[in-house]
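Labels run A, B, C, D and E following the written order; every chain starts at residue 1.
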């Protein structure tokens, strides 16, 4: 098993390498086939007329060389861990990503925790009480969860909980008058705890709440739905009948026999949900002034800052693959039938 | 501290250790704090209190006053400025500030070839006869040289500290200088504040410079929070989470007019919004016809636009901001519109039935006013003389490309002066860079082009005014541009602070802010 | 209902009716089924697919899902009516005194638990064994059902085993608590011939060892012949004939039984044209009037399509649901079970 | 060449690749491994063996549905694997297939009429009216009524569906029909109907059947000759009598003894095999049956026995024969 | 069938009613533009930022346009965007996945890795880049959405084709001498379509949601088109006039909830495993 697992992981990692090359190539090709000129887009109004300036700019970004050369330069640097320099921020893309990514990850993890906990809870209740009023209500909520536009929900939440009721903190990662904790992981809650600053940790957690809920609503709905249908499906399988025939009580059957099996497809959905989260980040981060990768990507795309776009794309793609890998490995843990060979 | 938004917490909690802290929310555009590279609108908000300059503005943009210069002399030929530096100035790091540092800093700016370097284009050489004297030798006369010196490109850097961190003033500084990243999170200036930390998209923290030579500022710390959404800024201000909400639209301001604890600030900004109408028939089609352009100027509802842009906005006659030397009084929006005459002009041009065209606009807000919203208003107005427009929106960086190449027929743009002097506006004249974006060449109005050249080098104040007024009058008659608005700047502060008056160059001079 | 019958029989089902409500309507999957079995005996139930064999067995275990299923009738086990017990009491019987082997060894085991764990479960539940004891007993059981390397198999998951192995696991699980009654629902249908032989052999040996009663459900008459003492033949939800094995083979009374016996090819018989029962099993929603088999029956006459025959006892041990025998015995003599 | 031979199967090998295409270490399932036999005109050749031993694969390869790794199938003197597309299409008319699962072998979205029209459509046979007549004729022959034509498969019983499958196979007047467990999914009472039908049709059209089944009683009933397969290999072939009465190979012996008998008075002794069929991906060395063989010798695990003619027309692959 | 499902499924009925209503509104406002209380383009600067009232049910926006009228007219764009995206993406995915699944082997492997790559690619960023590069317009946004979306269908289609390829009726057709073309289009395709179509109905709401998200980011059709997402963005810009963003957002919500109610119930209904009671 472990050998198969290693082999499988190795194969996924090889794919990852291909993926990185593919993704960067795609953006690269787009970047060179668009009508807009990054030079024009990033020099000041005055300097555009100054040929010397333009040349110096082009030389700096290697824009004067043919495209394939540029790409090879890029890949060469990528291998060394250098993603180039953002045209817009003039900082190494790697540095930018390191700065913005933890904020995104913190939010994503928080919301996935909320989504998984409540999603599974609701799903199980709903399946057990199938067709009852509570089932209908939960199903309704879960459908609303997957249907609600996050940018709008964020707006409504802020209006209601922050502006009108004043029971939730405003946008941002911590209250404006507080200083961020000393950076260790760059996850504020954890860093605050590491620094022993309880009130800061609580403040950071409170700031996670609204965006976390908004971001997680889709995934929560999805998980509720999947848990419910998966549990119902499992409950109709033959081995549940076997368990009944053994004289187990319904509770034991659900806990010992049904749930474990029902969770298997839920894991996939959690993986998909996590992927979605990263996509949905752009919208939620905009609303909640969350200094994460989503806003960075949004700005980069708008400015045709291609080094940054490639960087973000690679990061998110890698994430997608890694999450899928984790999901697959989890599968292996949950489902002994899955053997990677 | 705890929950940031309890209902009655109308003022922010004091920092626990008693340090005095100013928190300002803004939608920043800065990407670097290297004084040699920074050129963004909000860069000086941060850099002005960090890096001293020879000249600076205090409260109006008419005439710069001395910064760390004590006095200056202009040679007879108008080509050489000699400055005496104030004595005893120390950098935050403790080194003494000398004329060598000034020379080094300016040369570095020039050689970095950053976006702001053009300000130093006119400098031939810099001499330092002694440690408190600097001499700038210019290539030609420049009426706006003193004004240009107020910019961060002329900010004085502690050259020793900078060089320790990879900076250089060598000719190849644009590739050899490695200090940019260091400058983003550190500073080496002599101003009242130092950069304590910078987290992109989150905040910049300025801390008091203990070695400051001048009057110590009130606040120990200034935190500039990056909050891009004006609605959010407003909410946070209402809650007392922040002291200043800087990017409010005209509409937000109305919302909080009667709220207690908030002071609304309004000021004239130097930002213009204008309509570009291409003169090249191959690009503009019917738009290129000067009569059509005039008709467009006449049919637009300036009053309505001022409503959208918010109270305090005005409509200058030509691309010269009210507040600059020699600017004519703004249009009267009530009488500026003349639909009958516009129709006549359309008839004269042969477009009685109107035509179809595209109105290009970048998706962004100018001083809190959404440009696409204004575009829809223009679209509506133009229908009255039969011009049907389709609005094409694009992101600013994408839209800049055709704008600069001069391939837009009709487009909506904004303009902020590069330095606070009317000469910067001469760019709009035919044959000049912005004029050429409308393909408005010098031969289309030779007289105006000539006058523009004269104005650029004139140093006598009275003659300058006369020239500028003449230019504006001529542009009212014939221009490829229609200036729609000079915006008002709307922002709000908690009412327990003062010293937050607007000054276009710096936005707010942070060192002057204090509690009431 | 006489008491002595109850004393003799380990299980007695009387007038079992099971119906399902489906979107197409209500249909009766099992109609008036009455069977009984004594300890140590093996009863075979044969019949075509859908004739209600599994439903009958599941009813005994009270495993018919409700809704859509509804059970009526009495099921006496050890003198107690299972139908009148609370669910809690039924659970104590399930897997303990009555246990069941299912048709599909591939899907009837939980894929995410080890085989050992699944076999141990009833022991821990019903017998109050400690984990340790249960494990020891499980290994013993695995040995008993002929699984080599039981210690290793104990730790393995169902998917790691072949079909035959899994069926052995199912059997071990069913036997764990030494049940008084074992319901085997087509335990070998999914298996290959040689494996099937192994399993049948195993079951025979176990029956001799633990002396419980077995109900063997199958549609293979060959298996019945090898395994059973008596047989109940089901057709369209009814028992159409019940009889001791040898008599049934020698002289089938019901035309369906007769057809069944004659239509299967055997290697002992001479090669000749196969006997066929024409037509197909009626749809449960569209039952013919009278005797259900009547449209396919070569002996059918007027009464067959008018009146449904009762199960008629032709001797102490044989009963048949056919008008021909009602006539033979005479209407006056016919004794209908619990009529 | 012998006139009476319809099909010669020579050294046929059909391996399935199991590892992904990107893998370097390719693994194969040797579903059919070096199998040779003849099919004589008008006979029914039965193929028996345990699940997964390669019966279906062999049948399909003989039909040319799989491209074998080695070997030939010579149909009326032509190796079907060397035929060009067009000739192959012609050849298709001569050989047909009947499947185990009557539901799975009929497209659920087509009416019976569509299904039966398909062979004619593909080979562009006849006009619409001619086709209609032919379809009607086919329905008659398999004992279905005309009103069934407008039905969908799911509206018919298993036996009826299997008749449709047989009708489709008959449509183009084939010479060879491969019956892949045609009755295994049917109820006992229906099974007999279909077997009789197959026998009748064979007589009527002089068909040759390759009859695959794991029900040895049925094979005994319908087949003239029988081949026993074990793990991709043919271990014994011979006449029906040879196989059932004079069994040579230990595996065949066990198989036949495992048939449940229907005579309660004469229970017979049974050869019980131990263990399971090994995986065809990883077959045992030497004789593939040696792991389960009650009569194995040391030789068996080393040398692979070849199929040899032990008695005239009766072949077996066992070191002991 | 519709009525039968509706009878005992509350959520489904709600979904049907809501969607029917929106479709009706979309059609009627196209056919009879005068039916809206105001023209969706009419500006009235004197009456900007009016709160909801009897004159303006949903209030007015920053240039005095009637939000109610704009919300009504906006329905057509959302519906069309959803429809086109799903139609094109499913078509593209079906062809792609169908080919991959049918051919199998190395081709399949390579094709699927490519589609996986597209799936791994952050969709919104791709869309934003495309829109930034080509200029935001309905056209380009839909193009981007299709590019993001098709791999979902390719995956489902492929697995269906692979499953159906193994069916015996396919083998029957093969043994009759049918061509690959015929086998693919006649035997495999029709039977693989079902799940793809179910996915498509289920996806409709998601497509509307993504589209509104993109148009919220300013990537949809240019103003003055009354696009719901863009209207919500307008509402964020004019934060304190809650009605500007709230109502268009509710419109998105109802439409997407409606389609999801339908899709959800439909899936439950069509999935025989779930229909079988426990």
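Simple rule for what comes next: a residue touches a chain if its C-beta (ideal position, glycine included) is under 8 Å from a C-beta of that chain, and two chains touch if they have at least 3 such contacts.
Just so we're on the same page, UniProt names per chain: A, E = ABC transporter permease; C = ABC transporter ATP-binding protein; D = Dipeptide ABC transporter ATP-binding protein.
The shown structure was predicted, so the numbers you read here are calculated from the model rather than taken from an experiment.
J.: Quick check: more C-beta contact pairs at A-C or at A-B?
T.: If we tally the contacting C-beta pairs, A-B comes out ahead.
J.: Of all the other chains, whose mean CA position lies farthest from chain C?
T.: Between chain C and the rest, the longest centre separation is with B.
J.: Can you work out the whole-Å distance between the CA centroids of chain A and chain D?
T.: 54
J.: From the C-alpha centre of chain B to that of chain D, how far is it in Å?
T.: From the centre of chain B to the centre of chain D is 87 Å.
J.: Roughly how many whole angstrom separate the Cα centroids of chain A and chain E?
T.: Using C-alpha averages as centres, the distance is 22 Å.
J.: As a quick test, compute the distance in whole Å between the mean CA positions of chain B and chain E.
T.: Chain centres of chain B and chain E, defined by C-alpha means, are spaced 44 Å apart.
J.: Considering chain E alone, which of its residues make contact with at least two other chains?
T.: If we look for residues of chain E contacting two or more partner chains, we find 132-133, 236, 239, 277-278.
J.: Please list all residues of chain B that touch 2 or more other chains.
T.: If we look for residues of chain B contacting two or more partner chains, we find 229, 232, 235, 395, 397-398.
J.: I need the residues of chain A touching at least two other chains; which ones are they?
T.: Residues 35-36, 286-287, 302-304 of chain A touch two or more partner chains.
J.: Which stretch or stretches of chain E touch chain B in the complex?
T.: Contact set of chain E toward chain B: 41, 43, 45, 48-49, 62-63, 132-133, 135-137, 218, 222-224, 234, 236-241.
J.: Sort out for me which residues of chain D touch chain E in the complex.
T.: 20-22, 60, 63, 65, 88-89, 92-93, 95-97, 99-101, 104-109, 118-119, 122-123, 165, 168, 172
J.: Within the complex, which stretch of chain D touches chain C?
T.: Interface residues on chain D, with respect to chain C: 50-51, 157, 159-160, 187-193, 195-196, 199, 214, 216-218, 220-222, 244, 254-265, 267, 270, 272-277.
J.: Help me check something: in the complex, which residues belonging to chain C touch chain A?
T.: 61, 63, 91-96, 99-100, 102, 104, 107-113, 121-122, 125-126, 157, 159, 170, 173
J.: Help me check something: in the complex, which residues belonging to chain A touch chain C?
T.: 237-239, 241-249, 256-257, 260-261, 334-337
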